[in-house]
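Same chain, two partners: subunit A is paired with subunit B first, then with subunit C.
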Partner chain A sequence: MSLCSAPRPGRALRQRLSGLARPCPAAHPPAMGLLSDPQCRRALARLLLRLNTPLCVLSYLAGLTWFLLLPALAPRTYLSENAMGSTMVGEGSDLGPRALALARDFGAHKRKVGGMPVEWLEQTMFQLGLEVHRQPFSRTLPFPDEAHERYLVRGTNVFGVLRAPRAASTEALLLLVPGSEGSKNNQAVGLLLALAGYCRGQVYWAKDLIFLVTEHDLLGTQAWLEAYHDVNLTGIHSGGVPGRAGAIQAALALELSSDVLTSVDVAVEGLNGQVPNLDLLTLFHSFCLKSGLLCTFQGKLPPPEGPSGPGYAQSLRTMGLMVLGQAGGGPGGAHGLFLRFRIEALTLRGINSFRQHKFHLGALGRTLEGMFRKLNNLLERLHQSYFLYLLPSLSRFVSIGSYMPALGLLLLVLALRALDLWMRLSRSDEGEGDPPPEEARGGLLWLLPPILVSGGAGAALYLLPVRGQAVATQHFPVGEAEAVVLALIGIYVAGMALPHSTHRALSGGGQRGWMTLKLLALLALALLLTCLALLNFSLGFLLGATLVPPAAAVRPGGSRLPLAVLLVLTTPGLSLFLAVLLERELLEAPAGLGEAWQRFLGALGQGLLQEHLHGAHLSPLLCLGAYPCWLLLWNVLFWK
Partner chain B sequence: MTQAGCVRWRRQRQCWQVSHYRLFPKALGRLVAALGVRELHLALTQGFWRTRYWGQPPLQAPAGAELWVWFQPTVTDVDKAWKELSNILSGIFCASLNFIDSTNTVIPTASFKPLGLANGTDHHLLRYAVLPREVVCTENLTPWKKLLPCGSKAGLAVLLKAERLFHSSYHSQAVHIRPICRDASCLAVSWELRQTLTVVFDFFSSGQGKKDWSLFKMFSRTLTDTCPLASQSKVYVDISPKNKEKELLEVSPPPTSVHEAIVQGEKKTYAVYDLLSPLLFNTSRSLNVQLKWKRPQDSSEMPIPTLHAQRYVAGYGLQTGEICTLIYNTHPYRAFPVILLETVPWYLRLYVHTLTIITKGKENKPSYIHYQPAQDRRRPHLLEMLIQLPANSVTKITIQFERALLKWTEYPPDPNHGFYVGSSVLSALVPSVTAMKDMDVEQSPLFASLFPSSDGSSYFVRLYTEPLLVNLPTPDFSMPYNVICLTCTVVAVCYGSFYNLLTRTFHVEEPSRGGLAKRLANVIRKFRGVPPL
Partner chain C sequence: MSIERCCGNNKTMSGHFFLIAEKSKLYFTFQDQAEQFFRSGHTNNWAVLVCTSRFWFNYRHVANTLSVYRSVKRLGIPDSHIVLMLADDMACNPRNPKPATVFSHKNMELNVYGDDVEVDYRSYEVTVENFLRVLTGRIPPSTPRSKRLLSDDRSNILIYMTGHGGNGFLKFQDSEEITNVELADAFEQMWQKRRYNELLFIIDTCQGASMYERFYSPNIMALASSQVGEDSLSHQPDLEIGVHLMDRYTFYVLEFLEEIHPASQTNMNDLFQVCPKSLCVSTPGHRTDLFQRDPQNVLITDFFGSVRKVEITTGALALDRDVAALESNYFQFDVVNN
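And now, the complex of A and B:
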């Protein structure tokens, strides 16, 4: 008895205390008060239920507005790395004539051999005093690449290593020219060789320099990178790399196809939306300013200083292009493949347009020399500056702290909607709201078919086009590449027709049924977008901006047509098509529907290829993540 | 392009003590006596010897600082003596040898044997350490030069001008102390101190592709006299003809004599300048040895050495990785064994079960393995293996590791530079293509000690592979303030309210009794026997 009675005084005291506290919840920290006070909780829940739709609309609009305001509020870039700052190095090279002569030689030998002039390159590099190696590779693509007209690829990469005096080959810098067919990038090879010759004569190198010329542009680069790190990620067959130079600290890729240039365009977006450390870009920008080179980003000049309408529009356009490029997840140049290996890299593209003022190769050579000298001064890896950013122009940046809230606000819509559904479901449990439908008591088994069918459709979309190309080409008069793309579209569309009546197979559904299913779809979508926000913000934001409104609005019954139209318009496949249109629009080269369709088909093929060749994540993400989510929403719409 | 200076002299010894210091530097002599050192080998190196392109190194040393010492069996606490020794040497040579501690010291069992007179080879008396990060510069050269009997005032040592020596591709200076027989009967023992310096000059850019060199061009000095204390002072120039074609190169002035020897399996011809011979300084006051190639060299490279190796870190990311070592045996028909010594710091956790040795696509079982696992913050991994290398083969040795997360105070000031893994050591008796004669030790002591050969058919080679630079997962040290703020906020808000929720007891509250009127009404209702409001 005494045991039982013992807690009583304490309990009474606590009661008294809580009684004291009750009238004034403000005395507690707000969160504690809200969570522990059933009254407040109920009030909050009521508020959420009543104001849900306005809150959602507000949150969505706030997210979009936040994103649109980013270019206007972006701060200037600055160099964080002390080792590269303050002291400018002097550049003494004049590589122009020599680079052109070497480029012509290279071009002549390339024509003579009908491919990469491996012997000539090796000999030239040896004469320049480099340690020369070659690396053969071969790769059979999963299906023929129509854009580059290749299927079974054989090639040889040639690279020369300039050994830094009195360093033990623990660190290296890399200059890369992705060689391609025709006379593309000949001048870049010339400039690379001229620069190698110049650097060989200098005594200040503390890191080895690797001068790499790859064959079959990105395929060769991928083969070289995998062999250098002795891993096999994409099933490429390659000979080993016979000479190494330790950990590569930074890399520059060079693309140049003309004897003179008007501007230099820099590409940062890499595989799966990774970008190099901002310091590398800032370094390039500072050399642009120093040498007077005209430098562009996404083909756009920096907007005029000061707040102005046209300036904002140009910033927004530039940032839009970057977001589209990053969301695409492909390597935006040979540099894009390095980022996975934690090698900071940029691609510099020499552009020769119709501008009046032309630069000689020497100017670009001096920029490269200066950048390498600065990188040579690095004591540590590039790590001081941002790794996650968006660029509204070459001189301004939006850091992760600024752009994340935009996506956060979009995700809030999903959270609010999910909360709303959850509370309505649990209230109907308690019997407060509408009477509980008796079939709902049958467990959650009926949820299984829609989920399985959606997931299955996604898996089919992911696996079948590439696996089934042989079957497709047998039965239909199409080529392999066409077969893959058409199968992709076919399965995608068929998936939309498939699942929306499966739940009737099992007893279930009703009001609770679609609510539970929608809750599940919302949670899955929110989870997907949250993960994407961290991995590839651009992709996450674009998917969020398109998928959140239909996800929030969709419900069965009533007038289905507007909702169905909204859903179809925002399906990931159509979003991709719209993105193609938008990109042409932002590039100020609008495309007609026919051209956009061709580009869309090309993009589908390239997207699949990039997954197999470089390990891009876009197609599995869309097929296995976004598409099933969307199908669940579609399912909710046609719930009976 | 290689200059190997070698100075050598002997002191009589009495009971392992250095008795007088006319030639032997006192700093080292007292050190040897006080700490019971039997053999001491210290090398300070800047750069990396590229065996594949430069041929077998005449004197081997890994990048950074290397120290290995055999102690006398009378030393009771070897670890203490080792610690003390490294600290004193650190002071003598102005190097960071004081960073040698138990985390980078190992006791190899097979790779290092005493080079001098030794009774037993109990490897517990041996200590070996490498500091791959050590930077060697003028401050290390000056104390090294001071150990010479004439300093850098006279003799060969006048050439050692720091400004030129460090304007080179490779620089390695070493000190070796060992006991040797005083004469053929070996009744008395002497101490030998050998100081060596290896420098590789690169004339590619300054020589416009020509390989001509002269003493003046390399050192911006010429030789004028000898050290008065020297009993021998010679300059050897390798003039071995390549491809059996003679007359490809010429040296001037004409050498005093020509010496032929078989070095590392190859027949070599040396032009010898004996600085003590009076003929040399007759014509001119100074000696400026010059070598000229008669016609421009085509792209004929050095022949690929029989044994060379390459090491690298495979994989990417900050979680795991793989250390790969490729060992090449280019001998056309002879197989030979090699001892591999691998020292890996504790913060790379090796997975020994992943150790694979592949030769020509087949697994190669080592005939001897000695593995000592690391202990966190106390000692490194030590892996020693005896591997048979078949003729004309590449052997790939891989072992996987996981990168440890260090405590935040354990990171060096520049953690994002990466962490070094010292060179691994390859020791082998390489069969030579040319038959060798046992060299007469008394006649050419320098060659005999520089290039010892066990018998006529093979010669000893020790190779060091590249040091590795490995990145460990590194926290962002610029953000502790943010982290502290965030953590405090999370703890204060979430933890506080959750704790409150979890510990508080909830109960359904009776509806309040209402105002005075309600209470009155209830009292009346009670009297009436009706349930209260």
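And now, the complex of A and C:
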């Protein structure tokens, strides 16, 4: 409906419109715009104030509904890169027996050496005809976690380069197996070596192929990547990488611990919620369809074709798992570390479940061969397809243009509320005439302590647990990792007691005080969520979905209990716990509270560790961004 | 008329002959034989074969061009009269699992790259500017002879182009285009500079017919692999090499040309029938309204081959008895002219 006539319609139309318009009288200069006409502005302001709460609720629900509808309306994936072409390539390899033999050899030598059999790997790769190099590295962990159980971790990466016979070594493709302790990933190493031997016999390589076996899983991969690109992002000490093969165009990480497999699970989310170019995933999916290999995503089977209730539920679950994985921001596999360097990468996990139909290693070998052959045809980096998307299944995708309005609608709630507060504040400005000088000055001064205290609490939450772990181990009779996590929880809860402490020292501020504080909190939250929308949409959406209702609703006075309960339920820490529960639920392996609590503690530890090891952003964002915003709202609630 | 242009020599011998012929009854026999000899009006053949697309997945365009090159060489046009422009090197591309070969058929029997390919414009030299300069002859003086189209007004020129095209344009190397208007103007320049006798233009791209819509110079016949709004399709997907080897239209044209030998009497109407819609999926088109002769009378070898007509005479020709008088007249004229 139009509140004011538009500036330039014909006279008859204007008269008709002015007849329709109720708030705005017809007698006003026709050339004025909607917002510059003071009467119209007042009318709009009145409307906004009157309808604020319904609009907020509507917007919030619309955002959630939009998100929930995404899996139903997702289009099919398609291959955009012309160079990866229309024809499939025929694969000629049968790597199964060779791979198994090499895997057993590798396992035996690993047991004998008690770690990574570097000499045997070097010798085998050399015999296959690759140019072999080793790269030692060492890393001081911030605190020893259960995987490593010591502060200093040392290891050696081994990699072999297959030089392209007729091309300059300007570009490369990478196959990676993260080597782990025990008998994990032995078959993957066997398959890697068998594939290297096969590829050595082909003449059609236009890019170099690098076959990399890392030690200590992600630590080794990070060390190799940093040394290869000659950067120092995470303070790792590594020997240089002598054999360089040009810019890496694409990488595949392989994890396989069984002789036969029933399916291949593909991991897409990487560090900080980044994902590889959709073309790489579509290429893999098309190979799966061609070879009949069963490919799963997030551990879930592909939903049935055609619109259906169970299909929609399956798609929603899969997309929900991807959102949770992205929000967590951890590298979902070795591939996650490559995305920061804009190297498109996927992790392929061979799964051996109880299904009847088993595939031999040869099938996976042929898929890898085909993928490398297709990637070999690339002339430029993968850039034609989407870089930001959500996947309800392997064959359907939701592009950023489709999912962003969901977060936009959530942010609209914050904008409406902020406008509402601003207008009320400016109205009380005009209405009171001359406000008493101390209160006007005081209005701003009373804001400072809550802001400083919230920021300080956030900084304490970010810095103290890891730096003060010596103190923590004295207080809590547990290992360092647990001590750090418990210290984190302790500081978090202590922050919640702050409003009472600060308010005992200060008082006053009044109505304007809390409204201004809430306005600032809303703006801070909106800023945080907008930045997150671009950096890590999933994290932004989850934080928005939990924090926007309390941010909009909170006010001191009246019955504080329901609002306090709402605020406590939506605090970032508890949201993390609920996210862990939700993840277990979506994986259809629901966890009891006890198990969920253990996982939650583990997730906290991992979050802290990943921030130091890989530069993950979840910890700083929650500690320095979301937690202070939440504390400000908590302060508003307990305003005197 | 035709008796004035004789022996491929544009000098003033025509004047001499005319003078002699006036005095000789052999005039009419010569004219008949000469007319039959130079039925098509051309004395030399040229070919300009252009492949405009690069990158490995456009293997088929290079194979197309090389197939036509091979046929044209086999039928007699020498390398010195062929300007071959290939925008990329497929045979020696590192991605080629069979190096130094370019195949046009899945069975890999025919290596169209062969042993003696002479590429005149290669790789980044294939640009719209170079192509137009070749056609119009506006070439810098330092250009080597093999890169020039040294045609004259008695040359029949075959121009074959392939690549990616659209409605009214042909894409050169991913960075520029040539429009049908530019091409028509280039041909008009050629006509005004008397650089061709007759021209056959074949194009194998998507919406190829749009490229010959704008021609307005005489003596041009054009063929295209598809109409406006249609795509030309590729053929022969090969799993070993991993690309499509040929385009449909040129595949069937090559098959047709393999049957032609220098003495063939097959005419253009047969070429128009090559690749009907059932085989080509797109509808090939042609344009003959600018051409003066009836396509029925135009031999394939008029454009695709360089046929040197040789007639062995068994009998002796009786010249005028008064040889001395003829000779004296000749030398007199010669003296007068010199």
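Some observations on this one:
One rule holds in what follows: the second predicted complex is superposed on the first by the 581 of 640 C-alpha atoms of A that agree within 3 Å, B and C clash if a C-alpha of one lies under 4 Å from a C-alpha of the other, contacts with A are read in each partner's own complex, and residues count from 1 in each chain.
Definition applied: a residue touches a chain if its C-beta (ideal position, glycine included) is under 8 Å from a C-beta of that chain, and two chains touch if they have at least 3 such contacts.
Predicted model, so just to flag it, every value in this text is computed and none were measured.
Residue contacts after overlaying the shared chain place A:244 against subunit B, while subunit C stays out of touching range.
In the superposition on chain A, A:44 makes contact with neither subunit B nor subunit C. Shared-chain residue A:166: touches subunit B and subunit C both. When subunit A is checked against subunit B and against subunit C, the one touching more of its residues turns out to be B.
After overlaying the two complexes on the shared chain, residue contacts for A:89 are found with subunit C alone; subunit B is out of touch. Of the two partner chains placed around the shared chain by superposition, neither subunit B nor subunit C is touched by A:101. When the shared chain is aligned, subunit C comes close enough to touch A:376, but subunit B does not.
By the touch criterion defined above, A:206 lies against subunit C but remains apart from subunit B after alignment on the C-alpha atoms of chain A.
Residues common to the contacts of subunit A with subunit B and with subunit C across the two structures: 165-167, 202-203, 379.
Against subunit B, in their complex, subunit A makes its touches with residues 11, 14-15, 18-19, 29, 31-32, 35-36, 38, 123, 126-127, 129, 131, 163, 165-171, 200-203, 229-231, 242-244, 246-247, 340-342, 379-381, 383-384. Within the complex, the subunit B residues that touch subunit A are 46-48, 50, 53, 63-64, 132, 166-171, 202, 204-205, 209, 299, 310, 312-318, 322, 324, 414-418, 420, 466-471, 474, 478, 493, 496-497, 500-501, 504-507, 509. By the touch criterion given at the top, residues 82-83, 85-90, 164-167, 202-206, 373-374, 376-377, 379 of subunit A touch subunit C in their complex.
Only residues 55-57, 92-97, 99, 234, 237-240, 242-244 of subunit C touch subunit A when the two sit together in their complex.
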